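The same chain A turns up in both complexes below, where it pairs with chain B and then with chain C.
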Partner chain A sequence: MESKTALIVDDSSLARMMVRKIFATSFKDWTLKEAKDGQDALNVVDGASLDLALVDFNMPGMNGIELAEKLMEKQPGLSIHLVTANIQERMRMRAEGMGVGFIKKPINPQKISEIMSVLNG
Partner chain B sequence: MFMLTELEEDALKEFFNMGLGMAADSLSQMVDNEVLLSLPQLKVASFQEAARMLVENQNEKLVAVRQNFKGELGGTALLIFPGAESLELVRTLLSEDMPLEVLTELEQETLLDVGNVILNAFLESFTQMMSVSFEFESAEFLKGNSNFLLDITSHMAAQERSLMKGSVAEHERAVVLMMDFKTSDEEQKEHTLSGFVVLLFSREALVILKRELDTILSML
Partner chain C sequence: MFEFDEETRKALLEEFFSESREALGRIERGLLQLEVEPDNRALLNAVFRDMHTVKGNCRMMGFSRLEALTHSAETLLDQLRDGLLAFTESVSSVLLGVLDSVVGTFDNIAVVGDEGAADFSGQITMLEGQFAVPVHQMDEGEAREELVEVAPPGEDDDLLMDPRHLEPQSPMALREDDPSSSQPEAFPDLSNLVDVDAADKVDTALQQPVAGGGASVPMESVRLSLARLDALMKQVGELGATYNQLKYILEKHPDEAELVLEEHGKLIHTLQDEVLQYRLQPIGTVLQSYQRLVRDLAITTEKKVMLEISGVETEVDRNVLISIRELLGHLVRNAVDHGIESPEVRIEQGKPPVGLIQLSAEQKHGQIVLEIRDDGGGIDAGQVVEKALQRGVISTEQALSLSEQERLKLIMEPGFSTAEEVSAISGRGTGMDVVQAALEKVGGTLKISSEVGAGSTFRLRIPQTMAIVPALLVTCKGGVYAVPQTNIVELLSFYDDEISRNIEGKMQSPMVRMRERLITLCPLQRILARYGPGRSSGRELKRIRGNTSLHVVVLQSEEILFGLEVDEIVGPANLVIKPMDSVFSHITILSGAAVMPDGSVSFLLNVQELIDFYSE
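For the complex of A and B:
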């Protein structure tokens, strides 16, 4: 089976480490790409095809919603989820209005499993 | 001098960010508006340096709700508004057409309630990933400039140490975490609110904090 690729974009090393550990433990067949902000993410992706993007909202430079828009332009239909501590209803509505999933930090294996079951379903 | 590694600082900022996310959600529901958050700033500073940092950000008269916490992790959390902003918050929460005298009378009580909800949401989320226990003291309402708000003699953690050891705590270092917030002005241009949250830890608390951070990081 061909390996799937996920992108995690977060300016916090801790947040990226948490996602890395979850993938290394529970989703070993996935390749994980990491970026520390929006611009870095666009460089890291560089035309590669993704299966999943997990994006923080509050980052230096472009925010997670702006990055999600750019990722959608590059790859329409990509499964993008905002992973954020900013859990205000308006933020959730903005994300969901764009077809972007919304996950409250801290991330945990169960939250990623739920995304995976939708992706695989 | 007490030092945090780059990774420990990063983790601390991320916990602060999560705490502020919860606090902003509480505030957002109260004012029925979106609360925009800045990126967290972190500095290991003395209390005096902390006071100066605050001055750089705001030198006008400030209003604050201070929540001391003690237990395994001791410190102080402050929710700070420039003076005029706090009345604006009270106006937003209570009634648009309330006379200024009435607003001023209700300012303290209202802000204590608001501060309590926001700082509790913040601190509970901040410590969610740690195994430390702590308890809150009653929230206090304060009015004054930044030096007064962070005054070493009124800071619980510094005061306790000073009393216990008989030392002057002026050179104590603290972790100062600071984050600005403001309400979105898309809907109510005339009623934007802004303020900031500051978190201070004593040096004793820093040792525990560092231990907790190391434990969490070692599991990743």
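For the complex of A and C:
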């Protein structure tokens, strides 16, 4: 099976580490890239082909929705999911209008695996 | 927390300590600095963000007690950020106390491995004691981030059509022990209801973060504090007193009546202003309701659309607000459906896959300017004309004489959209012609501009209020007309010889001198006779020069200065304007009518339309 690549964007190093550990434990065939904010993420995306992006909403600089929009421009087929604790109704609509999905915090292997099954299916 | 092996957990814990401690250190320095400069917003935002990180980290590690404590602290910081609270020393002390507890608990965790039975309820109570708004009404910081830029929350469901959503359900209603919110059935007629509530807080209530939807803003009822109601009552009382005084003085000393009359007039004026204030409401709730509309439409049409909203704080008369809700909704729908292209087409054309619709509101010269701008495919005026011809909306001769603007505006004509299109577009069984009709009803105007391939802009101007308009009365050919004061720059009057020295014929229109510059002089009588400037410049000049006086009202609309020639300037008046009957709705240069003291009727001139008419 061809190796796939995911991107985690979160300004919390603990959050990134957590996702890194989850991938290392449960999704060994995936490559994980990390970015600490929107600008960093855009740099990472350049020259990389991604399959999945997990994006924190509340970050310094651009927020998750703004980043999602820019990521879409760069890689229209990319599956993007916002990772948030409290999904405000309007925010959810705004993102759904753009075709962005959601994962409710805290993130765990099961939630990621659900998204992946949709990706593969 | 998801169970990792011991080694991983240890590594995560280390990262947790290192990142959180760093953030706590920054928060502490930030709070101390804020005591010196409490208005430093950037610093406050940074402190908020760090607290948010600490809270998120606690949650990730499963330290739920710490999470609850830092969550309360974050909420408090969020209220500070929103300006609901001032940063005082007591706020600072409580927050610094929280830091000490968190650090202490960290030390404990480092030894024992978990937070144990740490009890923060006392501190959480202290934090909540500082809250401007009870905690259950607050949204979490995460979601709040969004609100800072796009503003007050509205109803999550479609506000447009369903009158049930018009019931007062603001968070204030729930907080203040308000009978109307707990027993709405007790008040069958909400439109006549004045809720005794925190009216001074109406605006804050609208801008407040409200927990994930469910709270709508009352549109057809006004919430008024008892204090405000008392103040109104007092004013009415004074009116009654001066009325009695007036009656007495007319009987005994009629020659001194003028003074009392003046006082009476002043009181009425104050009362009008006051009442008018209550009619104004920020437009944000209406604009925000389209977020849902766009989302739903994007999904059904398989497009990707982002709606950006600005100017939510713009205040508009409730009545106007109610009548524009639907027409704006139509324009937004139209933008998604006909403006924005599918992602595939957009990518092909080198555009970002996500289409952008910008919805903005702004107050300008006493009018509200609303703009719906999309970056979609634009409107091809040629194709519009062709379709209008096919559908019999216009005749071939008419088609030839249309300006660009008129050609684009054909899409607003009844009969332009076919029934099948209509149902697919709006799902409400109506076409764009209802937009035009609704707009005319509130005395508004519409301009369309569009560039094929780049997008379209629909620009609406509507009066801020339909109730009382300060105006200048002028006469022309025996009729009395009212010019809205908001459009007036100054008045010019010339007599005898001065006239010839101050007017000139240029190009197609007479010009009048206004200090150093010449501005277009447009005779009101020509406009009323439905004539543009035409080839009349010479004849008009001759007529004006032949008069013994020339009165000019200098008007401004957008960036254009413009002189309106009238027969006489009567004077200012506050007019209660009634909308024009639909029979006259095609006369766009008149935006309403008012009954004059002598029982006659005067018409309110629509300055933008006058200028458009004369310059076309």
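Couple of notes before you dig in:
The rule is short, and it goes like this: the second predicted complex is superposed on the first by the 120 of 121 C-alpha atoms of A that agree within 3 Å, B and C clash if a C-alpha of one lies under 4 Å from a C-alpha of the other, contacts with A are read in each partner's own complex, and residues count from 1 in each chain.
Note that in this section a contact is a pair of C-beta atoms (placed from the backbone, for glycine too) under 8 Å apart; a residue touches a chain by one contact, two chains touch by 3 or more.
Keep in mind that what you see is a predicted model, and the values were worked out from it rather than measured.
Bringing the complexes onto one copy of chain A puts chain B in a clash with chain C. Within the superposed three-chain model, A:P76 lies in touch with chain C and out of touch with chain B [touch as defined at top].
Looking at the shared chain after the overlay, A:E89 reaches both chain B and chain C. In the superposition on chain A, contact of A:P109 is made with chain C only, not with chain B.
Measured by the number of chain A residues touched, the leading partner among chain B and chain C is C. In the superposed model, A:A48 makes contact with neither chain B nor chain C. When the shared chain is aligned, no partner comes close enough to touch A:V118: not chain B, not chain C. When both complexes are aligned on chain A, the segment of chain C among 170-178, 350-358 or 368-376 whose C-alpha atoms clash with chain B is 170-178.
Annotation: chain A residues 11-15, 17-18, 21, 58, 60, 84-91, 105-106 touch chain B in one complex and chain C in the other.
Across the complex, chain C is touched by residues 11-15, 17-18, 21-22, 25, 57-58, 60, 63, 65, 69, 72-73, 76, 84-91, 93-94, 96-99, 105-106, 108-109 of chain A.
If you check the complex, the residues on chain B that touch chain A are 6-7, 10-11, 13-14, 17-22, 24-25, 28-29, 34-35, 37, 39, 125, 128-129, 184, 216-217, 219-220. Residues of chain A touching chain B in their complex: 11-15, 17-18, 20-21, 58-60, 84-91, 105-106. Chain contact summary for the complex, chain C toward chain A: residues 1-2, 4, 8, 11-12, 15-16, 18-20, 49, 52-53, 56-57, 59-61, 139-143, 145-147, 150, 153, 156, 212-213, 288, 291-292, 294-295, 298-299, 304-307, 343, 347, 352-354.
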